[in-house]
Amino acid sequence: MIRAIVRKGELMYGDELVGFLDAWDGVMDRRTIPLNVSSLRGMLPKGGTLLGTRRGSPYDHDGGPERVQATFRQMDLDALLVIGGNGSLSVACKLHHDLGLPIIGVPKTIDNDVVGTDMTFGFNTAVQIATDAIDRLHTTAESHDRVMVVEVMGRHSGWIATYAGIAGGATVILIPEEPFDIDKVCELLRSRHERGRYASIVVVAEGAEPKDATMRSRVKVYDQFGHVRLGGIAETIANVIEERTGFETRMVLLGHIQRGGTPTAFDRVLSTRYGVAAIDAVHEASWGHMVALRGDVVTTTPLTDTVGKTRPVDMHLYHEVAEVFFG
Amino acid sequence: MIRAIVRKGELMYGDELVGFLDAWDGVMDRRTIPLNVSSLRGMLPKGGTLLGTRRGSPYDHDGGPERVQATFRQMDLDALLVIGGNGSLSVACKLHHDLGLPIIGVPKTIDNDVVGTDMTFGFNTAVQIATDAIDRLHTTAESHDRVMVVEVMGRHSGWIATYAGIAGGATVILIPEEPFDIDKVCELLRSRHERGRYASIVVVAEGAEPKDATMRSRVKVYDQFGHVRLGGIAETIANVIEERTGFETRMVLLGHIQRGGTPTAFDRVLSTRYGVAAIDAVHEASWGHMVALRGDVVTTTPLTDTVGKTRPVDMHLYHEVAEVFFG
Amino acid sequence: MIRAIVRKGELMYGDELVGFLDAWDGVMDRRTIPLNVSSLRGMLPKGGTLLGTRRGSPYDHDGGPERVQATFRQMDLDALLVIGGNGSLSVACKLHHDLGLPIIGVPKTIDNDVVGTDMTFGFNTAVQIATDAIDRLHTTAESHDRVMVVEVMGRHSGWIATYAGIAGGATVILIPEEPFDIDKVCELLRSRHERGRYASIVVVAEGAEPKDATMRSRVKVYDQFGHVRLGGIAETIANVIEERTGFETRMVLLGHIQRGGTPTAFDRVLSTRYGVAAIDAVHEASWGHMVALRGDVVTTTPLTDTVGKTRPVDMHLYHEVAEVFFG
Amino acid sequence: MIRAIVRKGELMYGDELVGFLDAWDGVMDRRTIPLNVSSLRGMLPKGGTLLGTRRGSPYDHDGGPERVQATFRQMDLDALLVIGGNGSLSVACKLHHDLGLPIIGVPKTIDNDVVGTDMTFGFNTAVQIATDAIDRLHTTAESHDRVMVVEVMGRHSGWIATYAGIAGGATVILIPEEPFDIDKVCELLRSRHERGRYASIVVVAEGAEPKDATMRSRVKVYDQFGHVRLGGIAETIANVIEERTGFETRMVLLGHIQRGGTPTAFDRVLSTRYGVAAIDAVHEASWGHMVALRGDVVTTTPLTDTVGKTRPVDMHLYHEVAEVFFG
């Protein structure tokens, strides 16, 4: 994406570009690296974040937004491109509206849960990685007659779970959009066993929630450092399934391996298109908008339509497609 | 796809399904295999064509269409799903209109050139394979200071070339939609060399054509058996580049390795959605239609809108995005 | 492997072969499937265990060994090939020596810890999977300035950890063969940070043990069902590193995704060679031996030399090679 | 490999290292880049040749060897590591013996045909790439009932063909070590067809030769620029098979995609071991030796034992293992 922004910006528009390091921290502190065509040679196939990533927002700091404003003034910036998920885009929107800063958003998150775009950059790659992992789990599940509970990312939405679950041939998929009934899951597994199918793959998004309150209270969400705890829900589900059905059950946490690495071809094309559209949006002064995929067209959409929302998984896909394969 | 059709057909609608072997040959000769939920266990991650593939159409045979009609009658068929690219879908459309046969189409071709759908099944996987190959060629191109000319599939359209070229960081992409000027290509390579960039990747669709008539006449299109000859255009381009620039140039033919194998996660989801939509279309009696992706919705579209056309690559993508990276 | 055994057995020696399902359970219960050339078509690229896997040994059952003997008699078996790791091979050895049964072993385990062979089947694939995962973790580690603690398989030996750690560019590798000093690990991470390297990958085999007794007591080894608990050691290490250094630390458990799926090309060649050698060993009546790789030759070695031992990782590789990259 | 050399050299021995660009050209012209620990950060997972590659030897130039000697003197070099295949290692050996230069060799070639080592760096990766491609060809071969002739690298030896052919389930493998009888190949394909197997994969090393002189004369070995022509032998074989059997036959040239890209985990470990051993060999003054894998030990061996020879494929592997699967 950055390569696209820089090539189109520098070569077509004659722009001068810099990258801020460590997200908003770098914007507030004016820590930058130069971004130009020659310094970016050979970047294309590499995954990840050249500029570093940080949680947090200028609004968490006293005078944070003013420091962002000061950066614009002192560096004589014409525009800021904010690349990220719902959190970063919300901050971008707020800074634009509070202080009138010329900001364009670009939706990049593996979660695919940004309202206003059909696809975020990073989602396709995460789904591919999760699918490759699920493919391999079939072997173990089948040779050991086991239930495997696989936790994939998705704290607020079931996109990765639904896509990877369909692609990977999951027995059942559990997503945050729809609290699940563990009795039904157990029943479905039992009925498979009765039909002679002893191996099952349960794909669960990390934010999936049981309907049952007792079960919900067993899920450990944070670790001792206050980090979000991987595997809280998967571990609980695996334990409850084994307790209730007696089937040997194991959990698998894909965790951080779902991020990073070389993006898929599709994601590289998407990110290139987003990059080109983003620099175009700068020159069209589409402040307060983000670039977005709609059908097969890249366009822009107001950030205000996005902010404060989470795009739920396509429930038709979940109910009409994924469920055909459950059980 | 077949697994989705069969599961939804058998489990939700109570249908009985059979598969015809070897495409239209099997339909005319009534060579079938039973397709049911239990016989398809474990199929999901396998690529390719369970039922076999054949060129040719009932219209190539005297009485061919009537044999298809006879198959409907004798087997008491309620519907026929035709899965394929422009050729198969045209035949499907014609049989439906000539003989009133209850036929539904499903767009499956690596070429992505079917009018009426944003994406055909198979395209995403082919692009990924081609991109992986191009990624590796950068190493050789760079360590040997070479121009590599890579031929990818696409006799009538530049979809694979454009996507894989963008994803793989091509120096230039040549597509059937736009005859190319070899002088401009050579000039672009020379100007790179002058800037100290000695390695270049030229991605060319097999159907790309030079503007120059003399050069066009050098391209060998068929081999001695009348098979379409792989590498005709790539070889000519590589030779002309080496002759005119003096840069060491090599060609690479991705050929048949672009097909087959395990589909990408995205393609598996798409094919599952198409399969579910196709069996739904049967029960809605949408005869003469094909399933299609529009934006992020799977819908149906009349086959008559598709027939006799080739969907060209998105020229905005080619000119506004891919060209940003040329040179 | 099974394809090699069957092809050479059936086509060259005229043998008739059957497979026992679910390991020793199937041998005791005479649950079999026929194995012949035509039934195995197309098996090659598929991973996993056609015949199923079970823990446990005939010696766990009253009269178990006698039931194995009865199977030999009633089925008129000439030989039994036992394919597995140290556990299965020990049972094979004992049955051979206790009851004189004509048994040949084949070393298959991802752990690579069988004495008498340079390589077990499955190791190469597990290392590749683990390495691919570690490659991706670098991105996250770097963009978030994090320490990532990755747990790989290896309860008794550090083969996977050492190979995947070298291939994946680990900052430090912790293995069962050598209790580790967590203070030294923290110090090494601190000294990296002082040199401006904020991201680190710690690869740890599941059986690695801290020297420090207090820390050792924090490691949870079993879960509530008595299953070996994934992540016990990784979680403890991650917590202790974060407590002592203050660096943000995350754990990743590769777990079951290290098994299964399509084997690497190297593993397929090895397993084919082992299969051919195993059926040859049957016809040479090398009872009580297992096939083994020595250098680049496949040979046989007495099971008695293997039994009761674990092959530790090559300590030259660990100390002279892997350690060069630590820190 | 270079990372290993530099880390061990700089950190353990206090060496100062430089890299010569473009192979012998750079040595003669003293074109270098500095190689040190901090400049090599993040190199590990990248394939290819940081330093560039060139054909040709100092012995092709008047006064070439003396220019190499002058480089040693003027740069005050203590040692030169020569990383390459039979060609580079021969030159290394000759320079060492003619001029007494302190040279160590490291065997790196995808061909695996260096005498004195069980494995060269690059071979494992090339086999994996070729196997992945062959896996995909099965789909096309089967769905179209075709014979696919796949040409893999190996001008002088059949290592890649044999390994990838075994791993990929080839119907027949043709290698330079043993001239082939095309009649036997056709007969084998016909007998498969009679048994109802219409798809076949013929793997052929580029240096394989037919026994039949007429057929041999049809093979085009060089193109118009004097480049070695890809596909000469595969095209001839495919044509002859189609002429004689009437089976639809297609050729696939893996060509340059067999090189480059991210190495396999195994190759990364091997190259790291070679790098560490090479810098150790420098400090042991093992001039005129190369590092080598013997069994699972990395050692050194005199270059004189290597020079002028090609290591043929393990004929036991070819005849006893690969041939079990032919037909």
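The letters A, B, C and D name the chains in turn, as written, and every chain counts its residues from 1.
Note that in this section a residue touches a chain if its C-beta (ideal position, glycine included) is under 8 Å from a C-beta of that chain, and two chains touch if they have at least 3 such contacts.
Keep in mind that this is a model prediction, so the values were computed, not measured.
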item: Set of chains adjacent to chain C and to chain D; value: none
item: Chain located farthest away, centre of chain C as origin (C-alpha); value: B
item: Between chain A and chain D, centroid-to-centroid distance (C-alpha), Å; value: 41
item: Centroid spacing, where centroids are CA-atom means, of chain B and chain D in whole angstrom; value: 33
item: Centre distance in Å when chain A and chain B are each reduced to the mean of their C-alpha atoms; value: 30
item: Junction residues of chain A - those touching two or more other chains; value: 132, 135, 138
item: Pairwise chain contacts under the document criterion; value: A-B, A-C, B-D, C-D
item: Chain C-facing residues of chain A, complex; value: 47-49, 52-54, 129, 132-133, 135-140, 142-145, 148, 223-225, 227, 230-231, 239, 242, 250-257, 259-261
item: Residues of chain A touching chain B in the complex; value: 3-4, 7-8, 11-12, 42, 44-45, 118-119, 124, 127-128, 130-132, 135, 138, 163-164, 166-169, 197, 262, 264-266, 268-269, 272-273, 276, 294-296, 314, 317, 320-321, 324-325
